[in-house]
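Structures are listed in the sections that come next.
Both complexes below contain chain A, partnered by chain B and then by chain C.
== the complex of A and B ==
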């Protein structure tokens, strides 16, 4: 067992991600105000003690909306990565372990998916199943599968001829057992760091789709949707886009540092 | 790493999208502003065929290309256009038109009586089960060509208001593809249309009337509502109609802002055939729960005129103020819901076209207001094309926030759609009293009786809460100070021919 030695990136990443998780939890339990409650008197109110980040064009509390938005963005990211990883491991694992015609067939399908830029793939799926928070998870999840599958496949190919694998097989372990009990744990470190990078990309992708108006549907908040809405008031009230923008940047930075920290640790 | 590239693609896409409309300028800084103008519209045209286009946003542009026998002026009067003289028979059962001398189509050919007959017959044709292209034309018995310059329109049932329907575009009988090749008689000629991008028009030098001032008009489609202000301030468009109060407040000093009303009926249109809105009590409950003043305060700084039925104030003669039919009353709304069996409220979907921010904003405020009576509204934003096909044509919706305009300056333009079997009755309104009152209004030749019957129609719509009527929206038009002369019409049209360079005399 390697000894755990924290480095600066890892530490900073953990703090930022921790903060984000705290915000997500806070948003789930209670927000200072109802994130959708409108108040005509507070339209475009600036930051104050009662409204930390001010109010938007409907007089809704921006801080409460950011808490809700971070939560939504987080759910979408987790869901997306979960779909990508689960199917990625299944497909990649089977291909990498068995090889042969199965590998050929599945990987060619994978290539077809790869041939489309992921965003457009997601857009196509959205146009089929309609916009919405959960639809976006499915759409992005599908868009994320190919890259995970490919990564897992190469890892499984590397591991399957190692001695521990062969001995497991000699001891009579079934293929499935060899794959998921023996190989998978050994492939985990590699998978883990790409999962974290995957989170990062999912955050950006969710924001992008919500920005295009096909992600989380109004009035529910998501960081991307808030950015998109605030764009109309860029001149009038720049604060409206600065806050969600900064929060999103910190969120991505946190994941990026975490991933970097983990990679460094391995070396 | 592929994942990183994915992130890159997304970032570039987002950035590219936000910057799309700011890339170019109109290029008339050398003092030759007179020659061209670039205007922005929020949605693509749905057809170039003036008889088949249904979207108000399309018709307002086609107004510049096509003309009917008569057309509307900015005061709402019907003035002769392709025809120079109109003589209706006394009882309103036939109208005789004398064609104006020297009116030419954009392809250079002269307008003949045959073209007029072709155009009117085309709009009156019905294949049996569907309504004619112009629903009011089902009343046309025949169009007779008397001589090369005279055409008579004979009606089945006398209708003294029928003239207003004859703003229907006259197109050449020789044009086999009006979908692709727009040929009319208006002050502007059609040059090209790049779907989702732009439409180009050119001044019609042979126009019979007062010619347009500006030679080249480029109409850019800016479907992303957020980039309108940027496009205006950045100089890539010079004109945009129907801005919101918020958008106007962000404009730079380069613009003249005109304020008027949009002349449309904005409402939460309810599908009367769909549960729970098939129950009048539920519809009334929503009306009682709606606070129109709060909507105006929230979305347009209080600007806009509350209305209570399918008629807007610009129709002075037929308009009665019904906006107080349902004052906000949460208790009453709850009682009505209870009566209808929805004591615990219900959930419904509001479908809104994603390119009309004012309608989205209204829907958002409505959602908040309905929370008070335990009703949950879910907002679904859809593309304009999807809205047209699913909601308007397909009637597959529960409710939608939209503005309905009048295509002609007659009461039927707004009221005929609520007759039970009307082809454009997209809310599936079905009320025998209404049908009877409407039929009476059409049939009578007595003006006072007609007006009374139309007003009764409006009252029935309000009393049965056909829709949750909201407002005739305030309209703000921004025109670059390089130009002047913008003129409001009581109809949903943009008369580009009246816009002139600010320095012209």
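== the complex of A and C ==
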């Protein structure tokens, strides 16, 4: 038998995600400089006390832009996961609770969609509705529904025949009440850990789409677009790509560790 | 055998449904390609004649079946923006993207399987621990960032290749393959990390099982137990993962192609999304859909080979 160990993954994940939330808040309240203010004298300025991460090719403060970019990534991820979870719970819940032809039909469609990579699905939706921050939320959200629906469905199927469900029904609870008041709270722990994995995937997907230039539109900052811009200056100023890249990797790492810590804890 | 035929039929049905939905979706969005091509100053007669030339004035279902049948015959339609047949536009580019994906896939399989077995055999050791930690880090680096880092390290720093200057396979096939190593590496790295982690935990899950003890008690040595018994079972989730990875890498290559300035399917797709060149987008979507469905079909077949229980149950 293993001795109880403090869960290092969970702790590290919490710290990284906490730091990210702090950056998001900082970016919302006030960035040190205007993220779009250009200063010709400061083009490619290195990191210094007044400009923590230096300045980019237009002389804009990189740290301020990263704060704004992290904020944008956060908004997109929250929106994406929210759409995925809400529709996932509705579709997966109905399918898992009722079963039958509804389940068969919806899950067939779901399986087809599930087979496609989410970035690809999002690209198809973007090609229909056009690029932009809110369009990306919708596109990625739709792309995330199948995996949540699948997970919620199997959880609802497991819970549906437990005693507490049957007794709730005996006491006259309607189907909807049984589903959302009785089953849903019991399914929450499973949903929670896939929500965190969802955040992890959403950050990666958002960064990829904004790197392609179809996410958050300039001049607003996003980590992916900053990386894409910095590529032209790899010879001149490699630091320009290091900062947004590392911040992005730390965000992803944070969510991954948090998810892993949570599953470890359950075992 | 009957199962395989049934799977094949469901694969074709899936593709038909996807093709109909894709065609319908691109038909429903507002915007007339003829007006987009001619500009807003065009007279209604000019627009009408171009629409007739492209066959846009026919009813929806006729256009769908026409598109579908010519697609099956290898004619993917006509690109409004590039003024060329889509088949011609894509033919050279498919090879590039497929090369990238295959190279990355070979890297993933050849590195992660030995590494996963090694990590599982030395579970808890210093090397295993360092593999696990570096895995966690590598998984967190999105391919396009590792692509930029690779460009910086091997391109700018060590000058192994010239960043951004793609070598065409028609001019210099060896140079093309060499250039593709670096993007393939960028695509492969996070997948290798995931695959090592999965294989390691999958082997460790099998190890306490009864059949392992039986195999030992019949005088097998550890290596024999591992390769003849455990690995066969432990590979099942890995095969699923590899199948999903193959589909995922096609989507991932869209992004990596931009990092390394590779003129593959992805670059065309992004351009066509920008210019609203729907026939080309539809063609690329269908090609990727075909690939995804085909890979899933192959994964199913491999399952049956690996696991005799699957052959009986269904």
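Please note the rule applied: the second predicted complex is superposed on the first by the 260 of 267 C-alpha atoms of A that agree within 3 Å, B and C clash if a C-alpha of one lies under 4 Å from a C-alpha of the other, contacts with A are read in each partner's own complex, and residues count from 1 in each chain.
Rule of thumb we're sticking to: a contact is a pair of C-beta atoms (placed from the backbone, for glycine too) under 8 Å apart; a residue touches a chain by one contact, two chains touch by 3 or more.
The structure displayed is predicted, hence computed values, not measured ones.
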Combined model on chain A where chain B meets chain C, clash or fit: clash
Which of chain B and chain C A:236 touches, first, second, both or neither: first
Contacts of A:99 with chain B and chain C, given as first, second, both or neither: neither
Partner chain(s) touched by A:128 [first = chain B, second = chain C, both, neither]: second
Partner chain(s) touched by A:198 [first = chain B, second = chain C, both, neither]: first
Contacts of A:47 with chain B and chain C, given as first, second, both or neither: neither
Partner chain(s) touched by A:147 [first = chain B, second = chain C, both, neither]: first
First (chain B), second (chain C), both or neither touched by A:212: both
Partner chain(s) touched by A:249 [first = chain B, second = chain C, both, neither]: second
First, second, both or neither for A:57, with chain B first and chain C second: first
Overlapping contact positions on chain A, where the chain C interface meets the chain B interface: 117-119, 131, 204, 207-208, 211-214, 228, 231, 234-235
Complex interface listing, chain A residues touching chain C: 112, 115-120, 123-124, 126-129, 131, 204, 207-208, 211-214, 224, 227-228, 230-231, 234-235, 238, 241, 245, 248-250, 252-253, 256-257, 260
Chain A-touching residues of chain B, taken from the complex the two chains share: 1-4, 6-7, 9-11, 13-14, 17-18, 225-227, 229-230, 233, 246-247, 249-250, 294, 297-298, 354, 357, 360-361, 364-365, 367-368, 378-381
Chain C residues touching chain A - in the complex, by the definition given at the top: 14, 17-18, 22, 25-26, 29, 136-137, 139-142, 144-145, 148-149, 151-152, 155-156, 163, 247-248, 250-252, 254-255, 258-259, 269-270, 272-273, 276, 278, 281, 285, 288-289, 292-293, 296
Residue ranges of chain A touching chain B (in the complex, touch as defined): 36-38, 40, 43, 57-59, 114, 117-119, 130-131, 143, 146-147, 150, 194, 197-198, 200-201, 204-205, 207-208, 211-214, 217-219, 228, 231-236
